[in-house]
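Following are the structures in question.
Next come two complexes built around chain A: one with chain B, the other with chain C.
Here is the complex of A and B:
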């Protein structure tokens, strides 16, 4: 009699790769896809925090509420502005720092460590430090502006300044990460191609524009995607610094989601906020993949 | 067209000296090959000529003018890299046109959008278009002009690199092992293409390689380097026929020159394991020990006892038109040894009909021997004109 297929040594090796994939797949299903699907489903129900498992299907009612609420548009607007500006400035500052630190010079290692500080320190701890720095009465930031003759600035309590302050802290945290990744990308730029450009008569700026930048562009784009997605879903910095205020001027979609879910107890409507955030993130990701695919096609031509 | 003078050029990296007091002249229009093993400083020297590496000491003169601190652009050189160093995101056309775009570049073109417009305008200029098209045609790249380097083969990339360096019509061409990434067949083809190119453009070429075949076939003059110092400068024939020392003798030629440490006793020479033969030609005067050198093709394979040196066949390499035989001197059986260190190589046309382990003998014409000093490895004299080498009457 023939032994079962599994033990004849043919099926088992074929199953091994699936076993490896199964572990992360199970994890993702349990902790990512599962809650995500549940959230999307919940956005079509009238679930409330008092009774989170018993919500009735109400169709698109939550979305109707959402789209008729002016706070939603304010939040969407803030999220988009916050995301675009942190991505642009964060990636720019990070890349410029990486280029500056790319060549060896005295004290480079120390400077690099200092510049990584914002990324290395736990986010909540760093944000609390910034909360003190921006404090209206005793904050260092206002001490500096006062010394410069600009008077004390209500960094976190003024509608005009709150978002700027939050973006400043965000960039302080994000730029070191961008710098780290871009430094690695700069290592991969072939030295001979830079030299070829110098021979061809390019000055330093032209070498950067024509050789270095195109080589690090794909990495820069991935980093921009990461920073964008993180910005869309960033919570702790905003919540700790302003809690979404003053008068909702820093209330991004995520902050608004928390407010709706845990202060208004409307889990269904909060889920609808979440879905909008998810769509925004997917939109950014798909733009990235479209650009990436186009680049791959062009490069292979 | 520049003549380049090196006056005591040296290069150090920290405490490590890579090039020591290099003195040489590159004449106008010649094809100079810098030949040497890896790490001998030949590429560093080429990079110093290009202005890509700083000169630590000494003077480099371009047509008599001190050029130590000139930028690569001021030197007006073309450089072909081993890795081709093409701009991966640009098309072949843009790659070739890049030096011309840079020639037309002014400081204010750095303004972002101005930059793009400027490049577009330069690319559209009839003279630039004509120059690129001419280069592409010359190097058979016309059908590839709109492709990117990523989709080209090694040989095609090398031709794009050549086209890019040629387009500006420079007076000095620097080539850093440009063929070492190509397969054997393509290498042979590109070798003749570069030689033809040199004859056509009649400019100065400085070519770096560790491949002595490339050096011998392409050069009008060769500089053999080792450990950062010049071992010998000469035409390919001089380098081959009259190597300055045992390093050059071993490095140039495949298989290399046979070098046998011998004891001199009147007309008798004794090598290694008690093999003694009579040498009637010139030999060092007043020495008891020396190194006897002879090129493989100058040795003659004869039947056993017919030649002066008894030997046994250890290696046979058939190359079609010729055969290279590795023989072990003496008639003792080498057993299982696979070392080729102690072999004497013979190059001969056709096939001798001997097989591994057969006894044979070797002979040579006395005037073909080269003599080297035992402790220093320096050649004692050219074969014909030195007083230290004399015929024993």
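Here is the complex of A and C:
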């Protein structure tokens, strides 16, 4: 935006923008960036929860502990698997939902509303009902598998199933958001282009693949990035459904950070888990910046 | 164009499956809230809501401190909204209207807050709040939440301010109106819909938040509903119907408002992610 010519060259007006930015920026420094730096620093100290402000520098010891801890590799591994699968399946299910609801039909508004529930319901409330659905003894999920002759499945309490169940819940939460974004993207695909393709004899599938898909691809990338970052950050759903168990099989880096800090009281080691999680999130974000360089530059202009 | 009937059928089935998947848990929440513990744990759950059990549900809910939880939740949500909008609008206005050194860097930093896992801030904030006396206080939770809501509010409002013409403000500047006056009396009314959307997002950001609240609040009297609800897990004294009833009451405001402002949320989040 243009800055007022009127003020150019005078010192005081040139400080006006900084006066505006100062308070919000000070706030963010105090409550986000400062603590973040402190957390990274903590990963090089032997801080314990009983005395969180006093810890001695111990170099890379926490990272040595981290790399010799088998739980770290489990956590890293499931964080990556969980992120990739929730992104791929979540974006797929969400996009399919959006395409299915793209054309007007009777009752579409109601169905659309229902399909957004997973996104709109608070995580903790959603987690409670999923805990009940996945309950081993009386849950309806096992009632269904039993009726199908597959027997009752220990959805959240077995190493084989817990991560799958958590991903199921995550996709239930994430796909509606993807759908919402993709519906907006589909609306912006020019109808004339689709029409022209149809007149040229393309069938529905061809129109989708050659006209619609290229148009919505950039939006899909953005939404995939968001879902990926959310998956790396996600805490309460996993923490409340399984607490990271059984035997650490669903403990993503972020959950493991919490457990190490508030159950083992090892703040230094916990911070090291957090730093790895942060690096992962930053990696995802920077991949996005590389792919979307031009658009990112618009913002930095 | 002729549509293949097989295609239509497939689409109907697809939509039916997706709607069932999306809607079932909420239906089940309501159904469970209207069941009795004997049915739920012994004789098998009745798969439809039994409205005749409503009085039982209400008497069970009376045992749950819902009002206190809800008012704590509302205080956190309101505090978060107020602070985030106040700081976020000033920041959004500056990012939109001024060109200055460091503007790009600030935009980038704000974008980065969307990437940081909240869990990383819990321990340092915990330590900070101990020394400031903000542990076990709703204020601590609010202050921590604002750090994540402020950038979102700033993105949304920056986008809205970008879209209104500068000429209106220019004449006010020439007339000698101070900038903050311009922001409050000229810009705010013009971006009222976006302000409302940002307010809803911040409000429910605070409403739904769990991690900070569960870490910083030990006193059950201070718990917001999210923490109270989570405390039901592994506790067997409260009937399941009351647990689900509480979850429903906690969810309904969020669902209603999110559905009202859904489009703005999408615009805000995606533009935040793409353009900062």
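FYI, the second predicted complex is superposed on the first by the 268 of 301 C-alpha atoms of A that agree within 3 Å, B and C clash if a C-alpha of one lies under 4 Å from a C-alpha of the other, contacts with A are read in each partner's own complex, and residues count from 1 in each chain.
Simple rule for what comes next: a contact is a pair of C-beta atoms (placed from the backbone, for glycine too) under 8 Å apart; a residue touches a chain by one contact, two chains touch by 3 or more.
None of these values were measured; they are calculated from a predicted model.
Student: Quick check on the chain A-based superposition: chain B and chain C, clash or fit?
Tutor: Superposition check on chain A shows chain B and chain C fit without a clash.
Student: Just to be sure I read the superposition right, which of the two partners does A:111 touch: chain B = first, chain C = second, or both, or neither?
Tutor: Only chain C; A:111 stays clear of chain B.
Student: When the two structures are laid over each other on chain A, which of chain B and chain C touches more residues of chain A?
Tutor: C
Student: Could you tell me if A:190 is touching chain B, chain C, both of them or neither one (first, second, both, neither)?
Tutor: first
Student: Where does A:232 make contact in the superposed view: on chain B (first), on chain C (second), on both, or on neither?
Tutor: In the superposed model, A:232 contacts chain C only, not chain B.
Student: Students often get this wrong, so check: with C-alpha centres, what angle lies at chain A between chain B and chain C, to the nearest 10 degrees?
Tutor: 80
Student: Looking at A:198, would you say it contacts chain B, chain C, both, or neither? Reply first, second, both or neither.
Tutor: In the superposed model, A:198 contacts both chain B and chain C.
Student: Please work out whether A:146 is in contact with chain B alone, chain C alone, both, or neither, and reply first, second, both or neither.
Tutor: neither
Student: Examine A:258 and indicate which partner it touches, taking first as chain B and second as chain C; both and neither are also allowed.
Tutor: A:258 sits against chain C, while chain B stays out of touch.
Student: One more residue to check, A:160. First (chain B), second (chain C), both or neither?
Tutor: neither
Student: Between chain B and chain C, report the minimum C-alpha distance in the superposition, expressed in whole angstrom.
Tutor: After superposing on chain A, chain B and chain C come no closer than 6 Å at C-alpha.
Student: Which parts of chain A are in contact with chain B and also with chain C?
Tutor: 198, 298-301
Student: Using the touch rule from the top, collect the residues of chain A that touch chain C in their complex.
Tutor: Within the complex, chain A touches chain C at residues 1-4, 6, 14, 16-18, 20-21, 23-25, 27-28, 31-36, 38-39, 42, 49, 52-53, 93, 96-97, 100-101, 111, 113-133, 137-138, 140, 143, 172, 175-176, 180-181, 184, 198, 204, 219, 222-223, 225-226, 229, 232-233, 235-236, 240, 254-255, 257-258, 261-262, 267, 270-271, 274, 277-278, 281-282, 284-285, 288, 292, 295-296, 298-301.
Student: For a test of understanding, state which residues of chain B touch chain A in their complex under the given definition.
Tutor: These residues of chain B touch chain A: 50, 52, 71-73, 77-79, 81-83, 85-90, 98-99, 102-103, 105, 110, 115, 146-148, 150-151, 164, 168.
Student: Can you check the complex and tell me which residues of chain C touch chain A?
Tutor: Touch list, chain C to chain A: 1, 7, 11, 14-15, 18-19, 21-23, 25-26, 28-29, 32, 40-41, 44-45, 47, 87-88, 90-91, 93-94, 96-100, 102-104, 106-128, 130-131, 143-144, 146-148, 150-151, 154, 162, 166, 170, 173-174, 179, 204, 207-208, 210-211, 215, 225-226, 229-230, 232-233, 240, 243-244, 247-248, 250-251, 254-255, 258-259, 262-263, 265-267, 269-270, 273-276.
Student: Report the residues of chain A in contact with chain B in the complex, numbered from low to high.
Tutor: These residues of chain A touch chain B: 190, 192-193, 195-202, 205-206, 209-211, 214-215, 298-301.
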